[in-house]
């Protein structure tokens, strides 16, 4: 049964990885999706640097909760350690996605949080999507991928943001990570993040004095779709 | 016969909804199209939060003219109440479309009306496409979707704009609504609105002193295609 | 034999019209291509307001050199009179294309000529692509399409531009016209014009002090591809 | 055996050329890829001005190391002389790609080097992608393609850049050249260059005081993927 559960995780992680180039969020071999099953004690993640067109579900890499590979086969994504820290810090999430999607990267490179300029943003992210501080030389040299996870955790802790309400982040000079309860939702959050990043960029160009939407509108749109009073969807 | 008419409405509304992702105007499950038949006393609208790839014509939701669901089945789009107000206020229109199309959203988020900078705009919209004021906290909390319809109506009344001459609006901090005599035309108006929103954005970047086209050119292009002296088309 | 020649013109004009949406230069029913055979005394042009997916080669409209329709059938494009003036003024050209392609329209709306910022521009257009002055109210009201042709002719005459060396123009507040010896080349010129219009727009955003390329580079690229010393191509 | 090696080079060069329009890096007949086999003493390059849809692998042109054509058939790309100089100067490279890809051209037209604003850049280019100086009138008139190669060589020499660490350049007022050990990698470098050119352009628009990433992050990302301590990929 454990074997069957892992086979299904690999299938979901594989499909979610393929969804990234399909949604034009990644080029070449960039980007990776993982899923965790805490009870089972496993994480499944994309192998490192493998072409999307040649990859199979079987190639997905299975590790324990510390990121140690459990099966012979391919090497996991070099960003695995970041995913592991996110799973250890955000206990409610079930999947992590990392891309270099164009518009989210622009904000990450600019080192700015993404303001909530409209309801498209508010439907998925309950407030600004934060941008981390820059990693120090020591952090980069001594444990780059682990420290990337830690600086995300630090950012959410310091700003007191609930990672379920704001399921994504911009890593300074690098790019976005998003998450969700399972791979499909985590990928959808990456799609939304890139779309609202593009919208926000040009919103500022149309009106350089634009302000974020008021909290009552943010509340309305977010809680139309989330929580016990949600009335969006079937 | 009523049954047959409703079946055809569902088919048209279904096709018009599918046209939105095809024209890259919506992502995921965003966006919705409705049609009204005032004699029959029915509105047909997209169900809420259903994937475009899984939706069938049969899933379209049938309501009365107040938006009360008439058939068992799916829940209607959460924006239905806005459509109902638009149908009650703009008596000549037969279909309403709502999207979060990228460029129209940028202007809505920027809180600016879309100026008529050229003939591409004038062929469909007879003058600037207005942007509503921001809804108040009370309006959002007590009847968000109804009040969204009312603020559109208020905007057209205050600016004395004919909704047939300007078949679309930007809702502040939210996005566009367009309309037309039937679903296909209403969707076309959404396509044009997003295209001219993109053109206007970069027109200002090429020339930050650009002015709207003169009224005589606006008249010429609009009346080439509309009204009794139209000479465009077959 | 005249019949056969016209049949082939219709086929070429039809194919060239279809190339416009394929190259993402037109939406809906916007845009039109025509071809002239001066010996035969005929112009063939797209019918007005007909969907690209339903149009057939047979639907192309045949007129004489003044634009009077010669065959029963569809009405010609409402821009025909502009094409006629261009053929009467620019005696060496064999085909005219009009689109509302996005980036060329932005420059036309901004009322600015398109500067030659690089060799991509110079390979096709030997210097800046001019923008006409705005038409007067009288011109628009008394003969809009004819006057559009005349203001293009006036622009080329006043600036002493050779229409074969600069096979395109921006009509103020409206959009681009391009031309060429035959339909395929005229369409290619529209493709290039929109591409260089986009490049120029962002070139200015990267460097707001950018200058056009020097004349010797303009000469080199243009004459690599054109004239008796051309050495590009087979 | 020499014949078989050349046949395989033609096949690789053909496939790499087709990859350019597929990745939306070229329009019409723009762009060209070549490969060198120094032992064999041959260069294989795209023919000049031939349509991508009609081109076959057999049409690829074979020359010696000075660019003299060795087989009867088509004329080589007019940019061949630039490729030859690059092969003579950068002895470790095995393939050269030239495109007029949109975003790289914008920076080349703006005459600015492309700063390393993020890790997407650093994964492929170890520092800023340089922009050459403008060619003089004499250089353009007396040997344009050769001098284009020489000014690239001059740029890398003066800035002391290793062409393997920064496998691409912007030629002032013209566009990008990239290279790599073999055609596929050289094409991938063109894809990355255009992507990071777009990202950098809008990064500056989001934050007009943005600085390049610190050297320690540049080092980390570049050496994750390159050199003897690389740990990205299988």
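Each chain carries a letter (A, B, C and D) given by its place in the written order, and its residues are counted from 1.
In the analysis below, a residue touches a chain if its C-beta (ideal position, glycine included) is under 8 Å from a C-beta of that chain, and two chains touch if they have at least 3 such contacts.
Chain identities (UniProt): A, B, C, D = L-ribulose-5-phosphate 4-epimerase.
Keep in mind that what you see is a predicted model, and the values were worked out from it rather than measured.
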Shared touching chains for chain C and chain D? none
Which chains are in contact with both chain A and chain D? none
Starting from the Cα centroid of chain A, hunt down the chain whose centroid lies farthest away. C
Given that chain B and chain C are copies of one sequence and touch, is their interface built from the same residue numbers on both sides (over half shared) or different ones? different
Overlaying chain A on chain B by their Cα positions calls for a rotation, in degrees to the nearest 5, of 90
Please compute the C-alpha centroid of chain B, do the same for chain C, then give the distance between them in whole Å. 33
Chain B-chain D separation of Cα centroids, rounded to whole Å: 46
Numbers and ranges of chain C residues touching at least 2 other chains: 205
For this structure, give each pair of chains that are touching. A-B, A-D, B-C, C-D
Interface residues, chain B side, partner chain A - complex: 27-30, 47-50, 74-75, 78, 100, 102-103, 105-112, 134-135, 137, 140-141, 144, 173-175, 201, 204-205
So, in the complex, the side of chain A touching chain B is made of residues 117-120, 188, 191-192, 195, 198-200, 202-203, 205-207, 210, 213-214, 216-217, 220, 224, 231-234
